[in-house]
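Look for chain A in each of the two complexes below; its partner is chain B in the first and chain C in the second.
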Partner chain A sequence: MPTFPADSVGLVTPQYQAFPDPLRLACGKSLAQFELVYETYGTLNANHSNAVLVCHALSGHHHAAGYHSEDDRKPGWWDSCIGPGKAIDTNRFFVVSLNNLGGCHGSTGPCSINPETGKSYGASFPVLSVEDWVNSQAQLADVLDIQCWAAVVGGSLGGMQAIQWALSYPERIRHCVAIATAPKLSAQNIAFNEVARQAIITDPDFHNGDYAAFGVIPKRGLMLARMVGHITYLSDDSMGEKFGRELRTDRLNYDFTSVEFQVESYLRYQGQEFSARFDANTYLLMTKALDYFDPAETQGGDLAKTLEKVTADFLVMSFTTDWRFSPARSRELVNALMAARKPVSYLEIEAAQGHDAFLLPIPRYVEALQGYMNRIEVD
Partner chain B sequence: MPTFPADSVGLVTPQYQAFPDPLRLACGKSLAQFELVYETYGTLNANHSNAVLVCHALSGHHHAAGYHSEDDRKPGWWDSCIGPGKAIDTNRFFVVSLNNLGGCHGSTGPCSINPETGKSYGASFPVLSVEDWVNSQAQLADVLDIQCWAAVVGGSLGGMQAIQWALSYPERIRHCVAIATAPKLSAQNIAFNEVARQAIITDPDFHNGDYAAFGVIPKRGLMLARMVGHITYLSDDSMGEKFGRELRTDRLNYDFTSVEFQVESYLRYQGQEFSARFDANTYLLMTKALDYFDPAETQGGDLAKTLEKVTADFLVMSFTTDWRFSPARSRELVNALMAARKPVSYLEIEAAQGHDAFLLPIPRYVEALQGYMNRIEVD
Partner chain C sequence: MSLRADLQIIQEWIKPNSHVLDLGCGDGELLRYLRDHKQVHGYGLEIDPDKITSCVRNGINVIEQDLDKELNNFGDKSFDTVVMTQSLQAMHFPDRVLEDMLRIGKEGILTFPNFAHWRCRLYLSGKGRMPVSEFMPYTWYNTPNIHFCTFQDFEDLCRSRSIQILDRLVVDQTHQSSWLSALWPNLLGEIAIYRITR
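On to the complex of A and B.
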């Protein structure tokens, strides 16, 4: 007898979908074939009008809600918002969550076997863009017989995918929910990504991306990349509240290897844990997709003009202490939507947790998302 | 015939001072003997009342002003503020600038030969604190027959030394000028330092700090450490203005090794150049001294109480877009000084350049510093 919470989607099983036809990519190359792993929560209605796509961020995956086994005590990454009666109410919506192409959680990516060589893609896996992801997601929608999403929802890199959906397939998305995101990266954002990439690439165990052939992983580089990333996910204040300058022991060690301050311990743990479960080539791909995202670029940087073709209603949300994608970046998007005379709701949520806030059950945030989602018609 | 600018201190020659007696350190160890390299600008007056100590920041050194040869086209790191008629006017002041103990520019540090072993100290060099630096600087003052500094001036980590002077030797400092600094690091500050240290320590060429014995340097780690540091020295806006999302070529490369965005090129250059000229063990020492600096710790965190013993007048300056040591951190110091009823002037300078601003010739900043310094009596 499973003992999952009453508002949980309960036991879920990942599904696999093969796509046998070539996918043309922004880089000019094609993937001859690919596979996507995904999960669904709730039931598709007769009109197929209640489907919601949830897009994941840099280190996310398809397992957004529920549990994988009856012993599983850790639900999916957005379980706080997806479930019966929750913000994205699975009593109303049919929710689809996938692992992006190039990922390392089951979809075709650098760790997958290239059928043309019989070896893992490794460094030969093509560089992907947010547009490529949206195109592959559209093929998944075709297979699921979803002509039009009630909503595409995402935070951070996931929000960029939601925006790209509204641009690439205006007729296939009714609502775009873009949370803690930006219409393009700033130079500082790119700089942090570049440090992460250099940490991975300069790790002697990286072997130009073909580390699998050498039976190693660039653990040190991935650890450093995650440590840098993690600092940018938290606000200065939330780090201060969480760790302060607390020492792990009652005195200073006067060496460089001991873990002295709590924040060092936390970061090293996060980095080490991540380096054991995430693929370095995928990390590189994800950061490049972030760097390259700049939909207004083809319109000379005019975001309002770029957004002229969208027909979706927008909900944009940001968090006060998020300095990775600050409220100012969300307002760029909101201002451009208003200039293009598009319907947009914008909410800046008071939250101390920095960029991480978009993953957390902050009451005003979750209630606002719920209010918006509940007003979406699904007949 | 030298062609140095008229307001330059001109040709300067580093001087070396040996200290044959043991220096007791905060870590409990002692250095049996040590040497400091320093430069002086201007002339010590008859009363020895016009001496100003300039303290350097993390990657700084003794060469703060003037030129080392007639062909030298790059003046010292604070030449914009030190010279005849400049903010720190060498017509009035006798300026002393040294390379801190543990440094890699001539003072005794990890690269120096340990006379007890005949080999370089390497990893065996003791961990230093800001207090240790101030104590060694006091010995230099003794040698120079300077009983009391007219002012001790520093930015960033240099500002911490100025504050420590006011605390350790209240009777030997009349004015404390603390620029773009903080009374202690935040958890986020420590986190960035920890990433830098991990980058160095996990570099296989680090060899537990004894890389010299292996004839290598941990170049990759130092490069990454500097890249991370450099991001924190610049404001998001100044990076945006300097680099934007400008590409180095006219199209994307769709790989991970090409330098695509200008900001990547800048960071890699900064990192590589730094890794060739700076010592990794010194970098570790400097970051630890920063982490450990917390003068109020012995007073249970009560900074005002800690400052009760100071007798120096304070000038505190911060820069609006500095997010490494934000204006709020300077205000902590100012508020504590006010609570302790100590004389303090505070100026928050409007500047787009982030933490780096303290090294730049920003007119309002330089004028304010000049105004304050010119009011210091030197009879």
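On to the complex of A and C.
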């Protein structure tokens, strides 16, 4: 018998759901058919009132909790918060976690075969928006017979999806938990995404996105994209503490090829590891969805007015050293919610880890999330 | 649930179905009472992590925000009442907070301890030291209460800023009012509860 921790959801199996009807997209195109891969944890109750949707961030996927096999060294990406007795308590909630459309972990995306051509979509895969994701998630909710989510929860890009849920389907979401996120990206944030995209696009192996046809991947570009991204996910303090100016070699080499500082080694490792498991077209698509997200744009930038139709209660949390999605960006959302007189609570969690903090089991953060989730009525 | 005595007095001054901002809301006791008994909605501002978590657990809308930094994220007259209990003396700029209260709210309700209470006067004149009591347990160097004032001081400030005092209730530590403290509030009153507007 495998021994998983008592507060783990244990062994989980991804499920696939095909959607045979066309999905109209914000870009004007349609996706003729698509498939989503998802996992569920806990049990859906009799009146289907205990369902929680977990939305993933840029490089996330459907495997949020538990283990895929007895040999798995690591559990899902948010196992610290999902499980029996944990912040999102699977004894109370039925948790749904999916890989977003356009992803590269099983849902239809640029790597999938386009049924019309028999070849992978590659560059022809449409650019998606956060709204498109929420629409596809609503179709999954229909299939699972979930009329209304008890909560939609997400961090970073996942938080944007949670906000969009409250706007697109106000009648289908009771609570919105938006963590380390923003109602729209700043110019600086878009700039970082653009550097990442340029790294990928200018890689000679990119072939305008159709690299699969050439049997290559733009590994170097993806690696660079991840390296620059990774820097923005950490704080100056956490990098200083982790690496300082520590050297891997006993002396300086006075060249450009040696990996001398520990931080260089770490970034290269992160980049390499990521480029081996993530698709470049998906990365481009995810960063564009981030850049485009701006729900207030159609209301002349008036976020409070945009939020008037919201009926969900909000919990918003940010982290003090997060400079990629800084507390100020969360406060914009909170202030707009208050101006619209919507129920909202806001916590600014003291944490040294930068943007990455939202994935870490920081006691105050997890306690507050648990406190909030526990008061959500499920019957 | 029995409400803290000063909050019991304050809640009577708050209209049903109104919109309330509680500056330094603690664990949300007042807002919870107002929500459950008077259909009042609003937000509490707090900086103490444990108290914030308590609010979240109790379903109180709590916003982590330091009153000593600016309050300009709130619009003019965006609340019916802005409440601040036992925090005025801990502000770096009490007058600015007072101004903000009346900018944001149509009315303000606030409570603070009276530094001119006879016991304080006796302590200071007799011992020559800053008063320390069960009610004010801090020593001068570690107290969060950096801007003590007396009722008279406060009312002078209100006058100079054209702030109108609508109600004043002077009470003792157990929040009882007596005819004596009503007669000589600045000497016998320990805590004042003011309702102000402009």
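Here is the rule we use: the second predicted complex is superposed on the first by the 379 of 379 C-alpha atoms of A that agree within 3 Å, B and C clash if a C-alpha of one lies under 4 Å from a C-alpha of the other, contacts with A are read in each partner's own complex, and residues count from 1 in each chain.
Convention: contacts are C-beta pairs under 8 Å (C-beta built on N, C-alpha and C of every residue); 3 or more make two chains touch, one makes a residue touch a chain.
Here the structure is a predicted model, which is why all the values come from computation and not from measurement.
Contact with chain C, but none with chain B, is seen for A:Glu367 once the two complexes are overlaid on the shared chain. Annotation for chain A, partner touching more residues between chain B and chain C: B. Look at A:Met227: by the touch rule set out above, it reaches chain B but stays clear of chain C. Residue contacts after overlaying the shared chain place A:Val344 against chain C, while chain B stays out of touching range.
Of the residues of chain A, not a single one touches chain B in one of the two structures and chain C in the other.
Chain A makes touch with chain C in their complex at residues 315, 331, 334-335, 338-339, 341, 343-348, 350, 364, 367-368, 371-372, 374-375.
Within the complex formed with chain A, the chain B residues making contact are 26-28, 126-127, 184-188, 190-192, 194-195, 197-199, 201-204, 209, 220, 223-224, 227-228, 231, 234, 236, 239-240, 242-245, 252, 254-257, 260-264, 267-268, 271, 284, 288, 291-292, 294, 323. Only residues 19, 41, 43, 49, 52-53, 55-65, 73-75, 78 of chain C touch chain A when the two sit together in their complex.
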